[in-house]
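In order of appearance the chains are A, B and C, and numbering begins at 1 in each one.
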Amino acid sequence: MPLIDVAGLERTFVVRRRAGFMRRSKSVVRAVQDLTFSIEAGEMVGYIGPNGAGKSTTIKMLTGILVPTSGELRVAGLEPSRQRTDLARRIGVVFGQRTTLWWDLPLRDSFELLQKIYRVPDQRFRENLDRFVELLDLGDQLDTPVRQLSLGQRMRGDITAALLHDPEILYLDEPTIGLDVVSKGRLREFLRALNAERGTTLLLTTHDLQDIEALCDRVIVIDHGTSVYDGTLAGLHAQGGSTRTLVVDLVDTGPPIDVPGAEVRKVEGPRQWLSFPADASAAPLVAAVASAYDVADLSIQEPDIEDVIRELYSHGA
Amino acid sequence: MADRLWRPVACYGDMVRLWIRAELSYPASFAMLVVGSMMINALDFVAIAIMFSSIDTLGGFGLREIALLYGATGVGIGVADTAIGSVERIGEFVRTGRLDQMLTKPVPLLVQVCSDRFTLRRLGRITQASVVLVWALPIVDWTPTRVLVAVVMLLSSSALFFGLFVLFSCVQFWTTDASEFANAFTYGGNTLTQYPLTVFPREVALALTFVLPIAFVNWYPCLYLLGRSDPNGLPDWLQFCSPLAAAAVITVALLVWRTGVRRYTSTGS
Amino acid sequence: MLHVAVARRAFRRYSTYRAATVAGIFTNSVFGIIYSFAYLALWRQNPDAGGYDAADAVTYVWLGQALLMTVALWGGGTTDDLAERIRNGDVAIDLYRPVGLVGWYLAGDLGRALYHFLTRGLAPTVIGIVLFDISLPPSPTAALGFLLSIPLAVTVSFALRFLVASTAFWLLDATGARILSGALALFFSGMALPLVLFPGWLGTLAEALPFSAMIQVPNDIWLGRHTGLELGSALAFQAGWALALLATCGLVLRLATRKVVVQGG
């Protein structure tokens, strides 16, 4: 049986809007509709979609915060909204920018409180803490008040806090938002190690396609409350017809580059932008360009996640 | 079973201890808050004492008798406010998403809400009310039963205010920015019971006995302590009913709380 | 004019919290009822305590409830925004604006006060009139004087709150000072008990302090206890404190600016 099993899930909201003095109009919004997917233990899944697509509504239902309007929902064999407290012991949740740590106290204090709340045996707590502190490089920060930590350090603290009780599933909502490149890289590395060592299932919502590329074999794209794609990232690129961009700086200004498998999108002095299918390898293209032209520099731009989804739409519709 | 009851209390204690540590990490601000809170409360009773420079009795009660009433209700709301004062901020927790975070923790939501941002500053009220109460004690002709009734009164009073705080804060599950509504019943209840019920019309006294039994925080047990019959002619056995009133209010409060949480998880707002 | 625009914006901002307004009116009314009965009992015992009669006393209660939020006795209003902006450093932006900081925040606070006066001031008064025997101003002069005294009361209260918020420049957190000053304001404004009941030197002191300009003075003007020349001097008392305190605000701000400039916030 899958660890997370969602079938025909629906969630509607009644929205009341003020329509003039004392009058109110009522309308029903379908935040999630006919959503079906299942996730096996140990998977790392990216859950992506534009703002307001229903991502956080789904996460709220998966964690038991919100009762579904209809449909089937099982997480770790439990019904989240009915067995919220039991489920809470088996999952870890990190909500993007809202910290659960005690602002004025050292990280260590928050961790020790969580140990008591989740009743983690001393031995296990110490093992976990040592391991996470090592992996996340938090050793020097354990005794620093949270308010003095950088955003990246705080996020790592929050993730540690969500993992001390060995949850089977970790939900991460925009974990790398606002972090610098080094912090992002370190965090991704940690999550990979966590999944490899402990088999923790990961469900991650993000706007950063590189998070997905670094971590997730599988992506679920949601839009208007329903799943519009479920498969590999490469498949998403292929289906969405998304493209990567090769930026070529030539030594001199010249006519548009003409190589097979790519087309020129823009020329600006000696710099040219070539787009090619995202699922194609860049190597032969780079070789072809380098052999035919005098190249000063080359770089590759990954497609933006919003672009990929937009593409998916313009093709699918 | 014992564990199910004990666990939330233990968690509450653990969380409260952390908040106290956090509060004490700003000692200067903390000191000013304590002094400020003591002063607010002290001046509160001074205002009543000043009234007595123009009169000898109010509603048939002298200053010390009123001090007894004042102390009893003050200790009650002080204990409740100290223990669970943050329940007033449910609306804020809903708006900021903090409630969602709490819902993903394996600790009863009420325990988390009540312990959140616990502050020792609120001890100022208990201290001041205790001082007034102690000053009033000599007016009672003490017997063992009266001692017992007095102790039960303070416990019931705290429990009853606990119930009022929870009950009326739940309104915020329906309208998140109406936190002030609860004040009418919690702080309003406290202000009202600082005066003898004889200053209010009989209908008000009856409503405060049988509809919203705030009169039990101090009025009925204090009548017993003072050896007086009810001026409104209600039976004397009501003077022992404070624990029942407290239990009733708490029961209703917990039911409404559950309804409120259910509404939140079913509407998401 | 700029300040009018600021005031109008503040008015509109506060008017969006409808549920809060209704809840507040309800709470003000409950407290009004409680205090009315308590005072009626007091004036039954002593029918001319402090020179008031029972109707004066009950009127005093409801006027107090009406003014409580209007003058933001407990704190609150735009000075809370100021304290927060000092704490997070945004105040530096305000200091570099070409408009005076005090005037800017005062305009906003007057806008807020107008909203609170029209809602949380008028509504409980109507309820008080329905439930109790409230006396109306005895003369058009008294009514006019009352209307004049309210903006003065708000200004005095604003200046005090501004000074309290300014402590954040030095203490970082103004909460402690805010609670302390709230306690003093509650007691010495006449909100907790009419100052006319304060005995001897305590009464003299209380009536001389600026806090009395927030509740006691406007209430006495409504009750017609200041007439003719005395009405003028009551208003002058308020205006005098308002000017003196605003001047202090300007002075404190200059010290604070120097501090911000030197220390970079």
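Points worth noting:
Just so we're on the same page, a residue touches a chain if its C-beta (ideal position, glycine included) is under 8 Å from a C-beta of that chain, and two chains touch if they have at least 3 such contacts.
Protein names from UniProt, one per chain: A = ATP-binding cassette domain-containing protein; B, C = ABC transporter permease.
Here the structure is a predicted model, which means the values were calculated and not measured.
Taking the mean of all protein C-alpha atoms as the reference point, the chain centroid lying nearest to it belongs to B. More inter-chain C-beta contacts link the pair B-C than the other of B-C and A-B. A separation of 51 Å divides the Cα centre of chain A from that of chain C (ABC transporter permease). If each chain is reduced to the centroid of its CA atoms, chain B (ABC transporter permease) and chain C (ABC transporter permease) end up 28 Å from each other. Inter-chain centre distance (chain A to chain B (ABC transporter permease), centres taken as mean C-alpha positions): 46 Å. Looking at chain A, one finds that none of its residues touch two or more other chains.
Touching two or more other chains at once are residues 26 of chain B (ABC transporter permease). The touching residues of chain B (ABC transporter permease), counted against chain C (ABC transporter permease) in their complex, run 26, 28-33, 35-37, 39-40, 43-44, 46-47, 50-51, 53-59, 171, 175-181, 183-185, 188, 191-192, 195, 198-201, 204. For chain C (ABC transporter permease) in complex with chain B (ABC transporter permease), the residues that touch the partner chain are 17, 19-20, 22-24, 26-27, 30-31, 34-35, 37-38, 40-42, 45-46, 49-50, 171, 173, 175-177, 179-180, 182-184, 186-187, 192-193, 197-199, 202. Note for the complex: chain A touches chain B (ABC transporter permease) at residues 13-14, 57, 60, 63-67, 81, 84-86, 88-89, 91, 93, 95, 98, 100, 102-105, 109-110, 113, 116-118, 145.
For chain B (ABC transporter permease) in complex with chain A, the residues that touch the partner chain are 10-11, 14-15, 18-19, 21-23, 25-26, 96-98, 100-101, 103-108, 265-269.
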